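These are the structures in question, set out in turn.
What follows is a pair of complexes built around chain A, which joins chain B in one and chain C in the other.
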Partner chain A sequence: MLKRKLKIALPSTGKFLFGSGFAGMLVIGWFIFPMVLYKSEPQPIQFSHKVHTGEQAGMACEDCHVISDDGRFLGIPAVAKCAECHSSPIGESANEKSLVENYIIPNKEIPWHIYSRQPDNAYFSHASHVRLAHLKCEECHGPIGESARLKVYQVNRISGYSRDIWGENISGIPSHPWEGMKMDRCVHCHEKNGRRDGCIECHK
Partner chain B sequence: MNITRRNILKLIGGSAVGFFLTPLPYKVLDDSSIWTQNWSLTPPLPQGPVSIKYSNCTLCAAGCGVKAKCVNGIPCQLIGIPRHPIDNGALCARGLAGHHLVNHPLRVALPQKFLHKSPDSAMEPISFQTAVNEIASQIQKSNGAIAVFDQQPGRITSEIYFEFLNQLSNGIYATHPSREDATLSTLHEMIDKNNAKLGYDFENTQLIVSFGAPLLDDWGIPGRMRKIFGKRKESGLKLIQIESCQSRTALQSDVWLPIKPDTEYFAALAIANVLIKENLVLLAALRQITDFEKLKHAALQFTPAQYSEITGIDFSIIRQTANKLAQSKSAIVLSGPNPGAGPFNNETEKAIASLNILIGSIGTDGGIVIRDLQKENKNHIARNWNAIQDHSIEVLFIDSVDSGYALPWNLIERKLQPQHTIISLSPYLNEIAAHADYILPSPAPYESLVEVPAHVTSNVNSFSVAVPLFAKPETVIEPENLFKLITQSVGMQLEIPTTEEAVKQKAEKIFSTKRGSVFSYSDGTTKPVSEFLSADDLCKKLFEGAAWSDKPNNSHHPFRFTLNIAAPKNVPKTTNSLVLIPQGWKVAVSSSSISPILSKLFQESELRENAGTISINPETATRYRLRSNDTALLETEEGKMNVRVKLNTSIQPGVILASVGPALNETNFSDATYNDVLSLCTISDHGTWRITQAKVSKI
Partner chain C sequence: MHNLRSWNVENNTSKGLENLIMETISEKKSQYGMMIDLDRCNGCGACAVACAVENNVPPAYQQTNTRTGITWMRVFEIPNDEQFPQSDSVFVPMFCQQCENETPCVTVCPQNAVEIDPLTGIVGQIPQRCLGCRYCMAACPYHARYFNWRDPKWTDGMKLQLNPDVAPRMRGVVEKCNFCHGRLHTARQKAAANGSEKIDPNDYVPACVESCPNKAIIFGDLEDGSSEISQAIKSKNTFRFLSRLGTEPKVYFNSGRAWVREMAEQALTRTKKEEIYG
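Now for the complex of A and B:
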């Protein structure tokens, strides 16, 4: 009797295999595939935005990430900018020591991995968005100014771009409004704000 | 567990369903497409400081203002200048990609000589000095004419050509037969004892009757036309397009009159017929015409029914058109060469131009106005290519710039002596340059200083300067420097100024008149010439990026006209055979004049047809058992070629519209097997090639 009941409860081999294939592929697609797709690469040194923007230093984003008078965004500051305060080590951390000895003293630029690097054919003007549209840095970059450590840089093995372009979630659905830097996000924001732009506005 | 073939299939099926419910396929597809951007063959964009430079486009005579965004000094993007007083800040598709042309695959970067006269002869490099010596020797011993074919008359370079030819007893200065100012130049020839430069006052007109002019397809100054027609609802402007095919302009017109091919002359006479018979001709106009009776005789030669039969337009519609012209507060009647099919013959041009005189539109606001009353040097009278005697030219220089309009090689060839020398100054190996003996390349667009005079259809004078955006290679030579070398070698005493000197002279002239104002490209401000401190100050502004435009002339000159209209001798016969009409797009009739990267317009989307394509009505296709995309053999008396068939209901049955567009990328024009549709066109006695009897059959 028990044997008969068990026989009824268990699915047939065919159904079991179908389900196994289905479930296995879901596991591969949702969990294993991202691990294979992205490769972690360490940043050359660690950096704390929090230390710089907090009470200790009290700096604003634009103190280092400058938009020049002619509208060009200078991006990550040059090592000369760091040298203004770090000409000698502040504290005894290994990162501080590396910054001064490996980059500031030999006046060598730090080979940062850029989380937001876009293809060459995509033009983005920080000046237009910050000065004309009055967007705040956090609206696109999230609370990065409060981060104590740089997050791990993950590079897409196929496209060669950072994981931050697609977004943290492999589904492409952002968990936070600032996640992802794909074109659909630009389009969505422009549509929301009543901008009607042609291709040539961003693709030269 | 019982593993059977069916169970394995179920495992695969489950995996497949699961696969499409994961991001894996979509993400791999997205990443792969981005990966293709990083292939090693994809040219990397320059990185470096961004700067802005100002210049003017010289791809056609419109000379639109250009703002160039440069990276590391290299132009990466061209856009128009907002609020530009002449072009309204617009650039056409070809102008937007004008900076690609320095790297065009058909570019000739070294002086070259063709080894012998055959289409497949090879080119070999030659030094400028050797080429100049050989050409000078040819000029000295020539018995025939020495001609310069100027494709954009009115420039300082054109003046140099004049001066050079004036020193020769056998010099001919020739211009392109397709002229956007065809109606204006015909009127100019009709005016007795006057050298007034005329222009169209489109801004104030209420009605335009266009005989085939592609007004809304980059004709004239595209930005100007766009602005005028963009405001047509407010201004009340109406356009009547008389054209055999439903072109882009015909599609956007208020009334399209689908005329039988090559009967425009009769349509113009039919309108004149109504104007005369219904007493709609202005009395003042009648007094201005010295030979009105000749026109009357020509116009009244046919009955309304005959005109309808000849043109294919119901006479009641012709009557309506004539009445609209007579009743409109201001009106312009004009013709326009088709970029592919070329100009109308002289008689047609005269018939069209004379309608403007009959309705009194000359010298009135919204009509044809006087741009300038400056006297021209009589020695500088340009000759239309067709006016040159056949087999008379021994040495022919073909100017470096492009007119934007097609010209069949057959038409050039018939003017040449059997033993001739052709020197092309083109920076590209294009359809015409492939026939040259020497190619002495000029700088490509944006590589040299070029002056931009007022466009021939403009109602006000203007002047600006196209400053170079690229450094020119050392192996090219400006036309003025080439002619300096030639004159020295021939032993002529001729002072040839550099373009910079000529621009300074022009600036001094503008400054001395104190007329007009200067629009600055960088800040969009306008400053009257009277406020400039010196001619140098004005010149400096022009070099920085600015356009001078004069105020409208507003003078009303008492003209006398001699029309010289001849009565029609032959009525076109109705024929059952097919007629071939070449069709092109301004500045895109030659492969070298557009960026090869404009493939989205031509080779991929086919928004514009490539060379080697014909469009026919489905009815014609059925008659000849052709289907869309079939390869067919197109035959005329001049030759044959294989073409691809496209079907288009807007084309009249019996008409083959053959595209004179750029050839497919990587076409070799010096290849003996290369054939373009213009070589299949019959050149008429008038030097036109609009209509050719043709046959088509499926291969």
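Now for the complex of A and C:
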């Protein structure tokens, strides 16, 4: 009697163990591993793009993120650019107070974490994509100009690159067209536009 | 110039394939080339120094010798082996000759880590793909390729002078001259800022050309009929090293001395050590 019971019970125990192990590994692989892989680092101060691009200030991307005359993209503006308006606090926010007291008055650059920092060997020219291919900033960077807060900067502990290079989705399938800044995205767009480039076109 | 791509187009009877090949060739193609006047070169080595600085070549580690060091541009002195009144010598800066046809390093690379850039004709090296087998170094008729035996090391002060337009290479990969491709990026970027795709030739000048005190090196687009180089290579004193191999290098040399021109086709005589050890 006992033997018969065991015979019936055993395969289902095996199935259960297999199923729970499989599910456990999926949970580890998809949820726990990404949490371990990425380290969150806070930005030195909070910044709202929305305040600057909205009705209050009405600025455009190019007002701060400048392409210089020789074609170099100057990226995040220097603190001197902020000082043009914020030589003393305009509003009441604690972040603005911190900006003025810690960075503008001592004339110290803000140590931003850069979400889109690429590996050394990747070459990208904002000038040729904006001035020649007429791409909009949003097409690659998403609606970042409308964001009220900076998102958390996450760095890959193994490679040292920002999570935004791989993309938010750990499977590598982007949920938005602007998510991720990997080479296949560059290649896809170049192919779509009939460009056939050699490697050294975008690698240095 | 009779290169592999035009050979393909001429010899393919299949219309479809021909169209496919034509399609892959960009209309805005240039062919960058260089010419060195050996009668002007006095062997000062400024080109070699400028090259190393421009391209982030790390300082040599201890016990480096001529075989293990990295010298994208190396100046050789070649004597004519005559007695005093006739004795003469020539300095030859040797670097990647940017072969256009059946490029030896491209053909042998198992990793596709070397390719001819379709828009500029520059033979490019992609260190991230290189597995370090050094087959290309064996295949290169000019010994113009160098292997990173160690990880590059710069002292703290030297780190400040690294060129941001050139990525440093890591241990275990091969590297070589790429006609200062970083400067082409910069020139293109400048043109793009002004809304133009065509670069100003004065913006793209490799470091060796710029540094040569005797103006012995000319650089430019061989496809552009009005460029200085496409006129200069028509001179009867122009030659290329080992042109009998048929690799169609895009680096030309010029000398009024007949023995120098003949020397360019000679294989090196083996040294006594090589005779013994093979």
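Everything below uses one rule, namely that the second predicted complex is superposed on the first by the 193 of 204 C-alpha atoms of A that agree within 3 Å, B and C clash if a C-alpha of one lies under 4 Å from a C-alpha of the other, contacts with A are read in each partner's own complex, and residues count from 1 in each chain.
Criterion: a contact is a pair of C-beta atoms (placed from the backbone, for glycine too) under 8 Å apart; a residue touches a chain by one contact, two chains touch by 3 or more.
Note that this is a predicted model, so its numbers are computed, not measured.
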Does the chain A-based superposition show chain B and chain C clashing or fitting? clash
With the two complexes superposed on chain A, say which partner A:N121 touches: chain B (first), chain C (second), both, or neither. both
In the superposed arrangement, which partner chain does A:I105 touch: chain B (first), chain C (second), both, or neither? neither
Could you tell me if A:F22 is touching chain B, chain C, both of them or neither one (first, second, both, neither)? first
Quick one: is A:R131 in contact with chain B, with chain C, with both, or with neither? Answer first, second, both or neither. second
Chain A: partner with more touched residues, chain B or chain C: B
In the superposed arrangement, does A:G198 touch chain B (first), chain C (second), both or neither? second
Could you look at A:L74 and tell me whether it touches chain B, chain C, both or neither (first, second, both, neither)? neither
Considering 26-34, 134-142 or 224-232, which region of chain B has C-alpha atoms that clash with chain C after the structures are aligned on chain A? 224-232
Of all the chain A residues, which ones make contact with chain B and with chain C? 70, 72, 119-121, 200, 204
Interface with chain B, chain A side, in the complex: residues 13-26, 28-30, 33, 37, 70, 72, 119-121, 156, 158-161, 166, 170-172, 200, 204
Parts of chain B lying in touch with chain A, wherever the complex brings them together: 1-4, 6-8, 10-19, 21-24, 26-28, 30-32, 34-35, 37-38, 44-45, 49-50, 69, 76-77, 96
Along chain A, where are the residues that touch chain C in the complex? 67-72, 119-121, 123, 125, 127-128, 131-132, 196-201, 203-204
Residues of chain C defined as touching chain A within the complex: 24, 26, 115-120, 122, 124, 126-128, 165-168, 178, 181-182, 185-186, 188-195, 197
